Structure formats: structure tokens, C-alpha cells
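The two complexes that follow have chain A in common; it is paired with chain B in the first and with chain C in the second.
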Partner chain A sequence: MTTQASHNAMSSSTADSASGAWLAYSAGLPVMVGVLAVMFGWHIAVGAKSLPLSTVLNALVQYDPTLFDHMIIRDLRLPRAIIAVLVGAALSVAGALMQGVTRNPLAEPGILGLMAGASFAVVMAIGVFQTVPTVWLPWVAAFGAMVTAVVVWLIAQWAPGGATPLTLTLAGAAITAFLGALISVAHLLNQETFEQLRVWLAGSLSGRRVDVLSVAAPWLCLALGLAMVLSRKVTVLAMGDDVARGLGVRTGWLKVQVLLCVVVLTACSVALAGPLGFVGLVIPHVVRLFIGSDYRWIVPYSALVGAAYLLGVDIIARLALRPQEIATGIMTAMVGAPLFIHLVRQRAS
Partner chain B sequence: MSESISSRSIHSSSRLQGESLTVGYDAAPILNDVDFQVPDGQVTILVGPNGSGKSTLLKALARILTPTEGQVLLDGQDIHRSKTREVAKKLGLLPQGPVAPEGLTVRELVAQGRFPHQSLLRQWSSEDERAVNDAMTVAKVIDFADRPVDGLSGGQRQRCWIAMVLAQQTDLVLLDEPTTFLDLKVQVDLMELLVQLAHQMGRTLVVVLHELNLAAAYADTLVMLRDGAIMQWGAPSDVFTSANLKAVFDLDAHVIRDPHSKRLICVPTSAPEPAQHVEVGVRIA
Partner chain C sequence: MTTRLSHFWVMRLPGERLSLRLPVRALVLALVLTLALGSLIAVSLTIGSYDMSLAQVFATLLGDEVSRQMTTVVWEFRFPRTLVAAFVGTMLALSGAALQNVTRNGLADPSLVGISQGAGLAVVALTVIWPDQSSALRPWVAFAGSLVVAALIQGLSWNRRGGSSIRFILMGIGVAAFISAITSALMTYGQIDRAMSALAWLSGSINAAGWSEVRMVAVWCAVLMPPLLILSRSMSALQMGESTAVGLGVRASVIRYALISVAVGLAAIATAAVGPLGFVGLIAPHMARRLARSGVGLHLLLTALIGAFVVTLADLLGRALFAPIQIPAGLVTAIIGVPVFIYLLQRTQAKSAL
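Let's turn to the complex of A and B:
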């Protein structure tokens, strides 16, 4: 809604529309931050026991360890809300970067196999070593994502015509299916160990992995910062490799940087919340509907909208069948798909 | 080759030069030991049959392809060892068939041309704004500056890309088949624009063209390539001859002078000459 407003503001400024759009987009950012803050508070207030927003605010500002409600907020709900924000932002930005660099509107960590690779590595590590120190999870996931990224790229490279958007998508889909099958096999062979992973593999924010969060959060923030720095070059690269080289972009080095960035974002997300689909694919498209094709805007807006979206979805996941909760990974697509179709149809007409 | 020698002596100044360029794989190089000096302030047009290496030469000059032997010098510096962003302030490139991201407006596209002039610390400035507006005015795209590029006609789109290269404000501009797949009228308009850039604004242009008559009409220097080597090189009046067309393109054609424009035109003589048309569809370079 806020992005719609900024879009209207942009269309109405005709005299100097370049700076007009710039002003509108800049003004939209603090508005989105405000929306995100409200969602954040609401997310914490909602749960098996509803808490008033004033209590939430008090617990955040003036923490009183003797109050049970404050303890719930600090120890249980706040980490979950922070994870939702970070994971939502990370996946959306990863998707946006991949769509820009591969010039493939279907690119996202899930479809290009990164997420399956990260999940597979985590599943295997837990299957082999039984217990993996949780602080290692992001690294295990990063290793899996990185290896899968390279394998997908190599397969696409071997295909006739090289690594085109089409061959990358096909290779990614094939690898995702293959790793999914392997995960199923592992699951069938060792039901006990994998029962605990079942919820995680559906994509869930309920694990309250505070220890993982403390490891992953700095890296996530670093990668988000790098994404912002790279965004200008990604816009240029989205116009084609030769155009970008002609404009003085070192395209090979840029792709390596983007890949590292995407791997870190994906791996940390998977370690925190399991493989959450849909967010990385759809949020950049939603943002693009309102903001256009400049990644200097797409990246920050994707981060904010993705974070707000995952908070919202997680609120629904916990409210819909209260006191039961639905795995967030299921809800991202269940809520997102109709919403996305509605947006696209509305824009088309 | 007397023509090429004379053209070299006439145009002594050349900021962009290729020295014994060999590009491609060892067994079958696409370019073989080519020496080439781009005359400053002129429209130089590269023509040749498919696979002759004309696009490859352009890409090597633009540092998109790295030669296996030889070097490209820009102002005396090896272009492949220079900082690519510094090169991009002097040398612009419009590759073949560029595609704009969906939804990108004309103004946003043209603004990308300012990339080499910006950095993290030096963001958008009034100078950038002016360069973009000037480029859009010259390329006549300013009237639809805020429309998405993907909604424009082929000719309008190509003018947007030319505006982007102009906004880069480089003295040298290389264009790879900028007129392909456009209506003849639009091709002519584009060539007029390019000639204006060179003759009135002092830019140096190197253009790969497929259309021989357009090349003959608008080139100051015409370069004919075949099998990875430069066969002919000089003013169209010197090199655009029936004999050269036969030797370079294996084309039987009369070359006549249009009495009104005084331009040279080639008219194929042998009964339907399909090669030209068939090959357009299967261009490799």
C-alpha cells in the first residue's frame, strides 16, 4: 500500500521525473521501515498467549526479568521475530540479485538449487554425526549451497549453448529434485533421526535457534550490506554482459561477489528457518511492479518487503489454527501465491 | 592494397589501434594477425561476409574479447591491461541486439551510461543529469523518456541504446550491427545520426554493418574483412568496387553511382543472389 502511494507520487511528477522518482522512492523507504516496525511489534504480541502491544514495548525498552510476560517476549518471541525479519530480507535480496545477474525472472535460491544444497548438507551432517553443534549449521549449509551452486553452473555450462538462464534453471530444478530424493531416502532409512528434522525441512521459524541466530546474524547483515553496495552494478549487468563490460564493469568478478553474497544469505536463512520457498521468487517481483528495474531500489525494498512479508505470514501461521501452529514454509506459499496472482492481474489490467 | 596505404597516410592520428591481433582458438583463429588503426573523428564501417571476423575485431577493440596475440592500444596504453572503468570513460560500446530489463524506462536506461563516471562516493550529479538529457535530445528519445523501453518500436529502442552510449560521453564509440532488423527508413535515420555524431560532434565511430549500400553511403573509411583478415581498407570511392565485392563477398554486382546523391550503390547481377539473405538469419558472429 505504501509502495503504491510512492508509485503514484512518481507518476504524477512530470517536470523532473528522474529526481521525482528518486524522491518518491527515498520517501517510501522510511514508510516501509515504519510498516516493518509495526509488523514486528504485532508479531511479538501474537501467540499462544496474546500480549498487549504496550507490554511488548515495555519488555523491549524496560526489560523486567521478574515478569513472566517479559521473559516470554525476550527469550521466545523476540528471537523468532528477528529471525523472521532477517530470513525474509535475506531470501528476498538473494532472489533479487539472482534474477538480476542471471537475467532470469524465475531465478531464486530455491529454484537454482542453492536451498536444496544447503538443506541436503544439513540433513547429511545430522544424519552422519547425529548431533551437530548448532553454531556450525550456517557453515554446513553454506558449504552445501556453494557446492550446489558450482555443480549447477557446471552442468549448465556443459549444456549446448552454455550457462543461459534456461540451462541454469533446468540444471537447478534437476539438482533440487535429485537432492530432494536423496533427502527422502535418508529420511526413510533413518526415521528416528530425521523425525526431528521434519518440521525444519518444511521451513519453520519455531525452532528458536538463538545460538544459530548469534552466529548467522552478523554474516547476514554483512551480506545484505554487500548486496546494497553491488546493487548499482547489478542493474548494469542486467542489461547484458557485453553492455556491462562496455560500461566498465568487471563482470566475472561481480558475478563471483554476487554468488558469495547469495550463498551466505541462503545458507544463513536455511540454517535459521529451513528451506523457505516462494519468498525469494515473489518478493522481488512484487517490488519490481512498483519500483521498476533499478536494483539500487529493488535491493533495499526487497529486504524491507520480504521482512514484513515473512513477519505477516508467521503471524498467520500462528493464528490460523491456534494454539496449533502451521509450518511457516507452508504458509509462505499458501498466502503468497493468491496474493501474487492478484497483484499481477491488477497491474495487467 | 594501395588504397589502404593511402588512407593510413592521410589519417595520421589514431587513438585506437590494433597491433597484429590474433583472436580465437589456436587451430582456427577468427582474426589472424590483423593490424588496424581507427581514424579519429570519422565513421569507420566494417563489412564482410559472415564469419569474416568483423564483429570479432570490434569486440577485441572494445576489450570484450582478449586477443591471444597482439594488443589493442588506446592512447598508447594496452586496453586489456588498463582499468576497465577508465577505458569506459574514453570508449563506448553498443553490442549487437542488447535487451533492456523489463520495465526499465528510457531515462533509466540512458542513465546507466553514466556508470563509469560514478562511484560509491560520487553518486548522481547535475553533470550526469545534463549528460543524460543531452544524449536523449541528440538521439531524439527525450519525448518518451519516461516510458518503458520494452514497449517501444525497434527503431526507438535502438536510439535509446545509442543515447545510453552517448551519455557515457566517450570520444570513441563502437557499434555492432546497430541497424539489424530495422526498417530501411529507420536504418537510414540511425546512420544519419551516427554520421552527425562524428562530423559535427567530433566522435570517432566504428560500426559493424551488414547492409553494403548503407555502409558505402555513410562510411568515411570502409574496411572489408574476409577469413579473419582485412582485405580492403579506404574511402568507399576507392574500395567499393565490383572487383572487391567479388573478391571479398564472392558477390557478382555492378557498382554504380547514384546521380542525385553521388553515392555508390551495388546492384547484384547474377540471378537471385540468395547468400546475402539466407545468411542474415543464421548469423554467427
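Let's turn to the complex of A and C:
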């Protein structure tokens, strides 16, 4: 419980200099937006053919369909950058909310099995119906994520000691292994159908699923808005169920709302980019280092930092082993897994 | 207990100068399991795309040439494959039993704590980077890879208050995720044909096993089994906790490192032969303990038999269920193993809190 105590200490110190902190945090947001914009431009500029930033800017402001460079930017690179921004923001916010509500520093849609559930549901739907209309894709993923979330929670709840970080993580890892094996079996049984899914299942932004983007983006933005609305109550809930109830928060209802929010965020991300592990773990922890424990700030900062982070990771994934491209999900795991290990170590000492 | 076989028979000499507690149930179980394993192997030799009767299989195994085709099918394909499955199951089960004993954690398994993944990464690196040397160096490279990972996890989960067994598991999950990511990245980097052969191997497939694999696992089994038997006496003391074991005259730290080395060795060789097979080392020791109570030595024998049975069965199911498509045995063991893991999680004591 040391992290909890330090959070409380942090929140009391922020209360002392509340107005100053408020000002500093408000000023920080435009700075982060600026950083995000720079990363966005850079992400579009690099690639097999690197383009100068001025061309990128021109293509975005004054699109000229006769120029080949503009076409590359509009049709290939811009959708990928937008997907990176949306998915990075969604996963980070989902991770932040989960960590707040379960008071579990290891909570994250990937570790707790939600991503495996969403992927499994999509794979099964495609296996059974051959093609799934794009409009339904996020909802199929959401259904899978929801069921998995409930199952993982129940397994952890029934274990001796209840839903602790340990039991939740173990249950999530077990369910992920199970669903992963089933996905592999499905892949072997029906290779033609699933060959197209192989890249997606490794967690990749290279699919450029523009059709999915137009379907998932509105829901994703709606869920991000809901997360902002809920953030004040999540701050209270992070102090403990009893405290929250004493302060007049309907904890059960709030948890249902947060679960819905997390499920929609995860499902839209998985539909867009496949399972990208550890993003939701890394970003909220980094944000909390600077911002403290007030979720009204953690949520927007997580969204901005997460978006910039995923853009950066995707740039590395495209550049590191040129001309090959590493799946983005591999890169996020390589960055995130050491942090997971660090958190386990820190929590134990 | 009237209808069920009691766990022990106590035999006393007249005058009670000498008494012996005979674990009769475990002995009977060992016999039953041996017979079951034998019949499973026999049955699995008859099943496949080329149909054979049990009598034909026996005749072929005894050296009579029923038909040239049958000799090829049995001696070149099915028999070595089944033998490798049985050996690998034995090794993984024993590795799991040793790990569970050392960490005093019922959820330990070579694939859960990253040891199999370490071997996997080392072998994939070898296959992708130096494809020419792969077969001879494979067991050594796999052993080195798993040893490094085991040392890493042990080092990471150790702090001033000593190592915590449950942190060992969580750490293993983190390390396994990290290593799997590197393995995947290596496969992106490598050439496609090498990557494809590595991919088949990575899902724990016994398809390609031949006599060279049989020789490898058999030799290493013979090397690693005696130390485990010697250590088994100390294992029973270690079960009661480190301080008790020290009080009983066991050099706990030496025994611990010896046991971990043997466990890592067994898992690494099994992984080098067929790729990572998850959850076998988790299931087998628990099943052996639930079926019959006995001393450590007999428990190891039962564990080994159950491990061999489970993997042979998994391989058989994997190749027969959706024939002609072959499901790697590693996927079958994962699908069987996860529910068992969840069941065990429900029964693990709350003392294992972080």
C-alpha cells in the first residue's frame, strides 16, 4: 500500500498550493498539445520516403491531388498517424481509469486480458461469419472485452484474498494464454481466412484500416469524453470505497460506468490496431510522476502523452530495422515490460 | 475409505521391532499409469493418415516386416515422435515439480516463469542468425538462454528481505512478455523461410521430431535424472520451509541452486527438442499429489508418468482431432492447462500475498 500512501501525501500537498498547481497544470496542457503536434508532423514525415515538414504542412493545409507526395501523405501516412493518436490516447486513458478504480498499479487492458478477449471475439466472428461488416467490428470487440473483463474479475474475486493486484494479474495472464492458444488453433484450422489477420494480431498500425477508423473514431472520442466526466469521481474512488461512499459517490454505478468506458476504449483500439500491450500501463505511471493523483488532470494528460508516445513508438518501429517494419505491439511490449517488472519490484519492497 | 484404496499400508514385524509404511496406493497408481502410458503409446502408433491395426503395429515394432510402408510409418515417423512426446512430458513435469519445491509456490511452471521463453529466444536467435549450426548447438544454447533468464528472474525477485515466491511468478510474467517481444522482433528481422520454421517450433510442435531428437532427450534425461534423485531427499525437508530444512541439516542454499539448475536444464532440453510446451510442469505435480500421497521419490515418479501421459495425449489429440491439420501439442496443453491453473489459483492460500 506504499504507493497509495504516497498518492495521498501528494494530493494533500497539491491541496496546499491548489491554485498554483492548477495554473501550472493548465499551462502544461497547451505545451503537451504542441509536443503532440510536432510528433504528429514528424510521424508523417518519416518513412520509406522521408518528406520535409513543409511538404507535410502543405499537404494538410492546401491539399493538391496532383502532387504524388501529397497523395502519400493524405492516403497512407495521415490515417496511420491519426490511428496512432487515437489508440495511444484511448489505451492510456483506459489504463489510468483501471488503475484508479481497482487501486491496482499493474492494471492495464492488455495485462488484465481485455485485449485478448476483444481479439478473440473478432477472430471468432470472422471465423464463423467469414466477413464481419466494419460497422459491427468495434461492437464485436467490445463484447469480447466485456465478457473477458467480467470473467477475469470473477476468477480473481473467488481466489483467496479477493481481487488483489496479484490475483487479477495472474487471472489476466491465464486468460490471455488460453485465448491466445484458441486463436492459434483457429488460425491453423482456417489459414486462408486468418492470414489477413496475422499482422493485425501482432498489434500493428500498418493496416491503415480507414474504414474502421470512420466507424470507431466517434465512439472512441465519446468514451474519452465520458472518461473526463467521470475523472472527478474516480479521484475520490481511488482513495478507497468507504471514503468515496462517505463523500456521496455511488461506487457501484460509478464502477459500471468506468467499466463501460474502458471496454469501449479498449475495443475501439483493438479494432483499429490490434492488441498493443503495456501502453495503458506505462503512460499513467509516467503522468502520475508529474501530476500527482488528481484524475481530472491524469486523464487529459494521459490522453495527450499516450498519443505522443504511440506516435514515437511507431516512428521507432518503422525506422529501427528499415526496410522491415517491426509490429508496433512488439515495440510497446519491449518498452512496457521492463516497467512492469520495476513496478512489481517497487511494490514488494 | 472402505471402498477406496487407502493411501498407506503399515507393515510391522512381530514385536514391532521394525515397521514399514508402504504407500500402496501410490505404488498401484504408478503401475496403472505405466500401463496406461504403454497403451496410449500403442494406440497413438495406430492412429494417423495411414491406418494400421494394433497387431500390425506390434509386429512391426518387434521387427517383422508386415509391409515396407508400415515399417517406414512406424519406425521413421510415429514411434520417434511418440517417444519424444513421452520424454519431453517427463522432463517438463519433473522440472515443474522441482521448481514448485524450490519456490514453495504451487503455481510455478517453466513456461510461466519465463524459463521456456528464454530457451525459445536463444534457439530462435540461433536459427535466424546462424542457421547452419543450429541442430548440434541447440540444447546448449537453449540451456544457456534459460539459465540467464532464471538467474535474471531470481535476481530481480530478490530483495533485502529475501526472495518472495509470488513475486517470482509476477516477475516471470513480465520477463516472459519482454522476451516474447524480442523473439517476435527477431522473427520480423530474419528471412521468411527461417522465420517460418522458427514459428512452427515456437508453438510447441512435435511434428518434426525424429530419432536425433529422441537421442538428445534420452541422453539428457539420463544425465539430469540422477542428480534429481539425489536431491529428492533434501526436497522433502525443503518442503517444510527453509529454516526447518536448515534445522534438519540441509544446506538449503546449495540445494536450492542445484535444484534450480536441474529444473532449468530439464525444461531447456525439452524446449530445445520441441519448443515451449506450457502448463505441463504445472499440472503434473499437482495431479500426482491429488491422486496419491507418498514420499518425494515416489511423487516424482508419478509426476514423470503423468507428464509423459499428458504430452503424449496432447500430441495425439493435436494430430488426430482435426486431421489432416496438425494442432501443435503446445496449444493443446495450454487449452487444458489454463483451466487447471485457474482452479489452482482458487485453492492457493492467501499467504502468498505480494
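One rule holds in what follows: the second predicted complex is superposed on the first by the 304 of 349 C-alpha atoms of A that agree within 3 Å, B and C clash if a C-alpha of one lies under 4 Å from a C-alpha of the other, contacts with A are read in each partner's own complex, and residues count from 1 in each chain.
Just so we're on the same page, a residue touches a chain if its C-beta (ideal position, glycine included) is under 8 Å from a C-beta of that chain, and two chains touch if they have at least 3 such contacts.
Bear in mind that the values here come from a model prediction, so they are computed numbers and not experimental data.
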Requested in this report: Mind working out whether A:M71 is in touch with chain B, chain C, both or neither, as first, second, both or neither?
Outcome: neither
Query raised in the report: Touching A:F178 in the superposition: chain B (first), chain C (second), both, neither?
Result: second
Report task. Please indicate which partner A:L60 is in contact with in the superposed arrangement: first for chain B, second for chain C, both, or neither. Result -> neither
Query - Touching partner for A:M228 - first (chain B), second (chain C), both, neither - result: neither
Requested in this report: Applying the touch criterion given at the start, work out whether A:A159 contacts chain B, chain C, both or neither, answering first, second, both or neither.
Outcome: second
Query - Greater chain A contact set [chain C / chain B] - result: C
Report task. Could you say whether A:M334 touches chain B, chain C, both of them, or neither, answering first, second, both or neither? Result -> second
Query raised in the report: Touching A:V243 in the superposition: chain B (first), chain C (second), both, neither?
Result: first
Query raised in the report: Which residues of chain A touch chain C in their complex?
Result: 106, 155, 158-161, 164-167, 169-171, 173-175, 177-178, 180-182, 184-185, 188-189, 202, 277-278, 321, 324-327, 330-331, 333-334, 336-338, 340-341, 344-345, 347-349
Query raised in the report: Of all residues in chain B, which touch chain A in the complex?
Result: 59, 62-64, 84-89, 91-95, 98-105, 107-109, 111-113, 115-116, 118, 120, 124, 129, 132, 145-146, 165, 168, 174
Query raised in the report: Which residues, counting only chain A, touch chain B once they are in their complex?
Result: 14, 17-19, 22, 100, 103, 105, 229, 232-233, 235-236, 238-240, 242-243, 245-250, 288, 292-294
Query raised in the report: Where on chain C does chain A make contact in their complex?
Result: 107, 112, 156-157, 159-161, 164, 166-167, 169-171, 173-175, 177-178, 180-182, 184-185, 188-189, 203, 278, 322, 325-328, 330-331, 334-335, 338-339, 341-342, 345-350, 352-354
